[in-house]
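After this come two complexes, each holding subunit A, first together with subunit B and then together with subunit C.
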Partner chain A sequence: MSLAVPNHLSVIELELKRQTKMRGVYSLTIFVALVLFIILGFETANEANSGGFLQGFSQLLDFPIDIIKMSFDAGWGWFYLLVEYFPALMETIHMAILATFIGFVGAVVVSLLASQNLVKNTTAVSLMRRVMDFSRAFPELVIAMVLLFLMGKSAVPALIAIAFHTVGALGKLFSEVNENADMKAVEGLTANGANWFQQVRYGIIPHVLPNYLSYGLLRLEINVRASTILGFVGAGGIGEQLTANIQWTYGADVTAIFVLLIVTIIALDYLSRWLRGKLIASGASVVG
Partner chain B sequence: MFSVSNVSKHFGEVRAVDDASFSIAEPQMVGIIGRSGAGKSTLLRVLNRLADATSGEVWVEGEDILSFKGARKREWQSNCAMIFQQFNLVPRLDVLTNVLLGRLNKHRTIPSLFKLFSAKERLDALMALDRLGISSIALQRVETLSGGQQQRVAIARALVQKPQIVLADEPIASLDPLNAKIVMESLRDIHDTDGLTVICNLHTLDTARQFCDRVIGMSEGRIVFDGKADNLTTEVAKSIYGASEDFEESMTSTAIGSDNNKPSREDLQIKELSTVDA
Partner chain C sequence: MASSKREIENKIYREFSHIIYPSWRKKVIPLGIVAIGLLYLGYVFSFFDMYNIGKRWNTERASFFALDSYAHKVHVQSYWKNPLKLKVTLEGSRFETYDPYPEWVTGSKNENKRIDFGDDGYLVLLDNKVVMHWTDGVPITVTRPVNGKLGIQSLEDLPDYVRVTKNKINVRPSLYSRVQFYKTKIVIHRYFNGWEYFFFDFQSPLANHGFFDTLRFVFLDKRLDPKMSNLSFAWNEFLYNGLWLHKEVYVALFQTIFMAVLGTLIAAVFGLPMAFMAAYNVTPFGSVRFILRRLFDTLRGIDMLIWSLIFIRAFGMGPFSGILAIGVTDTGTLGKLMSESIENIDKKEMEGVKSTGANNLQQNRFGILPQILPIFISQTLYYLESNTRGAIVVGAMGAGGIGLQFLGSLQTGKDWENVAYISLVVLITVVVIDILSAKARRKLIG
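Here is the complex of A and B:
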């Protein structure tokens, strides 16, 4: 039994088929272009490099095997290394927490001014957005290297670098949260004569705070890694120890530091997941 | 006391409110009726200064409140409480705090950001909640409440503002009939007990008849009727609602106990669909 389709519907049906076909053609073209692009890219890179792509693979496992061997040779002394590097780890974590906190506060201020629904002046909003873009554009490493050169080797340049980058990174996320906030509460407060600060404090903050904190915790995780890396370039903490020990090929020390870092990241992950769960369950009435 | 003169609000070519004028000499309960898009909400928003009028004046005690700016404007907004269809409370905060937020305008910015309300204000807020019969939920979070409860919280917030006038924009449009009745009775009580002018946007004619001293009918931005509810004839009602010949007042009703708007049994029966063979 064939369906008798009215004429005007069969026209739509035909058009749909044609569009589907066109879409297929487009997709295939793009796919082929991408594949070609990748193959050509490989060729170019291969020619430019002194070695081939595959050459390094045979050496890839040499270093891990070496350091694991050395760790076994260290015997029970290896566990003492965990204690020895713990203060350096704490330094790194402190650096990350402080930088995240400073960046968080900055991001809240900047994001509120960069939200179209809260600031009517479009010039100000776009200016604030550019400020965020600017602070996000520079990786922590670049800022830290410049500041370390200017200020000498200490944790402060790293702190500034991470906080600066965090303002941009969190500010961007926060302003999106702000712009998605339900404006009904703000309207209600406006209608009873609240000023801008009061509207934001009571109309927006209680609504967005759980999201802020959730993103903030995620950023803390990222910043612990960042402050580790900044240790490589002389900001102190566990990163500095790690890079020194890798250069000296003290295998046992390297594995001890790795274990500390991995445990820290896992612990932070659990902690932030637990906290975020609590935040979402209780909303912001506790803190807001 | 309160005089709206030639107020218009245009959105591009659309005249949401077109040359509206009326005045209220002594405290009254006024119902503004009209179908969706008639300009009722826009008019109230202009009066509260949530929206700026395109032209016109609103005189209150010798001053044109439409000319107010900055702190003066916020002070007027504080004196002119507004209640919304969707309650517009802060869902994440508790009921008592929400009510206290009605006091924000009376505080300087910095203390107000830390919830530093006085014991007197907290007592006032609790009294307002008690008056509306919901003091037992004072510490509950607003998002856990029913619509009817939320609207009563909003009314309590309006009360602690100690306003000169209360505006209510479709306060019962998203409530069930029982809660709608409670809310309307509360608004009426504010008029009767506190002697305040209450201006209330309503969809339905019978609610206006039941609770309001005076009815203003709007259609396409213009005021087409202004007078006692009893003077509202079916002809005028038809023009307000833009309805056709078979219009009956009960059609607009959502109130409890008006049996005549129940659909008949025949209407409820699903008509057999005639199937078309291919």
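Here is the complex of A and C:
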């Protein structure tokens, strides 16, 4: 045999084989554990559920088929429903835009104070960060339900809740943008004797504004969904109409609202992607 | 050829004139956009009647609920028929009656009763009238109703914390004390800070003992209940606390976390293979890719909440519907994200694996999977984080869990300490999961 394998190499090979095998065993164990967890979890959840999986599964398509049938029964009147629910949709969109705007302004202020490169006082910075953490941690629904209880059913409590959550969510992103901003412009302004506001206004804002707006647009998309959801608990708008119609099983109305919502979400998705693309392009020219 | 100063000026003018003298379009369009934006915001402001936001806000109600969320109140109630017969209860509950009276209610069987309000003053109940001695004013006397009309007298003008209406007199000298007189009864509230009976409820034999007393009891050899050890007795008493419902809250919390974890897992298990099938460098069939892409869009586009409404219709209320809603929505999101990152991988690794004679499956397994696995796991963790919040919301809509508990305790509207307790539990859970997942992600990304 011309190709005699040296002893130590065969040891290495054996070791490699053993390790590969062990890895296979580990992966298999993790996989089996995950599958078991999913199956057991399904069982547990199935028991806790008021309806079971198997009988539910056969009913899964009942509701969608029912409402689609009802929509066909409605005939041309279905298109009129689109017009009828349009004002409610607009209310939800107004709610989202105003809440995003208020949250955006709040987030800009908070994030400027929470950026280490702009504020030298570390306690102030960490305090502002805690404020952002706090407002981000609460789901909108929790704040909205408490405020709805205190202020009565209207869009305003929901608006405040979304704006509050937005301050935290956007503030965190904005402060990261601020901290990554090029500080040379600020240094130049400081050398010219600019005060803090002037440094921020002329040194930071022009750099970061495109990023701010791009994050703001993303948030707007999320907030449209959130304001729909808050309609479910009494904030008005299209969400309220949707729950009511689902409860009454007015199929044609339900599909009309679904179509309005999905079209809005998709349209917003495309619009914000297009605008963000433009903003990032212009942002690049500003920064570069 | 040296250019003259004039020439340079001309050149600068030609090159930069659009900056120095911007066209009217460049001046007007941004201004116009800002103006339209401001007009729109003004319109929306008036649309939601934001100017009158102050009117909606009811400070008294809010401060009352705020107080109720960290303090508990003890009711003292008696009827004008016999004002000396008092009933002292916790939060007006039928089952939590103080017997004997707490030490701030003095006077035995048929004597006049004296009720102390700490720093606010005290009041004396006589058999036909009540005399209130608030620290900051002269005594106020309310007498037994004659012909259905309550009598009230004071040596001076009534202070403004006394409100007299046709059927009721409401006296609230501070947030912590309140006396209400009706035609038939007298209701006295005194507030104390703190969550009372948080660990053991009113009926429990362990209630009203300090921490060390309870600790000593736990390690006592003599058993209170012969069937179980003292530790498990105390644990049971804690779990089945009738006022705070700890067991329900923690079971609900577990359900919510469970919904989030299982939903995310399902999305991960289904999303990854589907992402492979939707990536152009793995699947050569355009039609399959197209169908999967549109499927991802649909799953994503229909919101998690709408999915949960559909599933609740089919499978009934409960965590199962919530799990499916989360799983279905995130299959779409994860599928889209992962198929994009599969398309963006470095091709060289795959070519390397191919050159060793690996088949298609092996190429994907060893050429692609190692590259996208860190991204995949960190994205999954990120979605786990956001799904915890999502599970709370979906739960409140009918899928059960802590969201539904929260909604329930809010809608009963009287136990604001329960609302505060559940929101605290929610807050801590969200923060802990955020921190854990951020740590795990940082470790994975390196």
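The definition used in the following text is that the second predicted complex is superposed on the first by the 226 of 288 C-alpha atoms of A that agree within 3 Å, B and C clash if a C-alpha of one lies under 4 Å from a C-alpha of the other, contacts with A are read in each partner's own complex, and residues count from 1 in each chain.
Note that contacts are C-beta pairs under 8 Å (C-beta built on N, C-alpha and C of every residue); 3 or more make two chains touch, one makes a residue touch a chain.
What you see is a predicted model; the values in this text were computed from it and never measured.
Novice: Give one of first, second, both or neither to describe whether A:229 is in contact with subunit B, with subunit C, with both, or with none.
Specialist: second
Novice: A:184 contacts which: subunit B (first), subunit C (second), both, neither?
Specialist: first
Novice: So which one touches more of the residues on subunit A, subunit B or subunit C?
Specialist: The partner that reaches more residues of subunit A in the superposed model: C.
Novice: Between subunit B (first) and subunit C (second), which does A:203 come into contact with in this model arrangement: first, second, both, or neither?
Specialist: first
Novice: Applying the touch criterion given at the start, work out whether A:194 contacts subunit B, subunit C, both or neither, answering first, second, both or neither.
Specialist: Touch partner of A:194: subunit B, not subunit C.
Novice: Kindly classify A:19 by the partners it touches after superposition: subunit B alone (first), subunit C alone (second), both, or neither?
Specialist: The answer is neither, since A:19 touches no partner chain.
Novice: Where on subunit A do the contacts from subunit B and from subunit C line up?
Specialist: Shared contact residues on subunit A (touching subunit B in one complex, subunit C in the other): none at all.
Novice: Would you tell me which residues of subunit A are touching subunit B in their complex?
Specialist: Counting only subunit A, the residues touching subunit B are 1-4, 182, 184-185, 187-195, 197-198, 201-203, 206-207, 283-285, 288.
Novice: Residue numbers of subunit A touching subunit C in their complex, please.
Specialist: 34, 37-38, 41-42, 44-46, 48-53, 56-57, 59-60, 62-64, 91, 94-95, 97-98, 101, 133, 137-139, 141-142, 145-146, 149-152, 154-156, 159, 225, 228-229, 232-233, 242-243, 246, 258, 261-262, 265-266, 269
Novice: Where on subunit C is subunit A touching in the complex?
Specialist: Interface residues on the subunit C side: 40-41, 44-45, 47-50, 53, 56-58, 61-62, 65, 255, 258-259, 261-262, 265-266, 269, 297, 301-303, 305-306, 309-311, 313-321, 323, 389, 392-393, 396-397, 400, 403, 406-407, 410, 413, 419, 423, 426-427, 430-431, 434.
Novice: Name, in rising order, each residue of subunit B that touches subunit A in their complex.
Specialist: For this pair, the touching residues of subunit B are 48, 50, 71, 74-79, 81-82, 84, 86-94, 101-102, 104-105, 109, 112-113, 141, 143, 154, 157-158, 161, 278.
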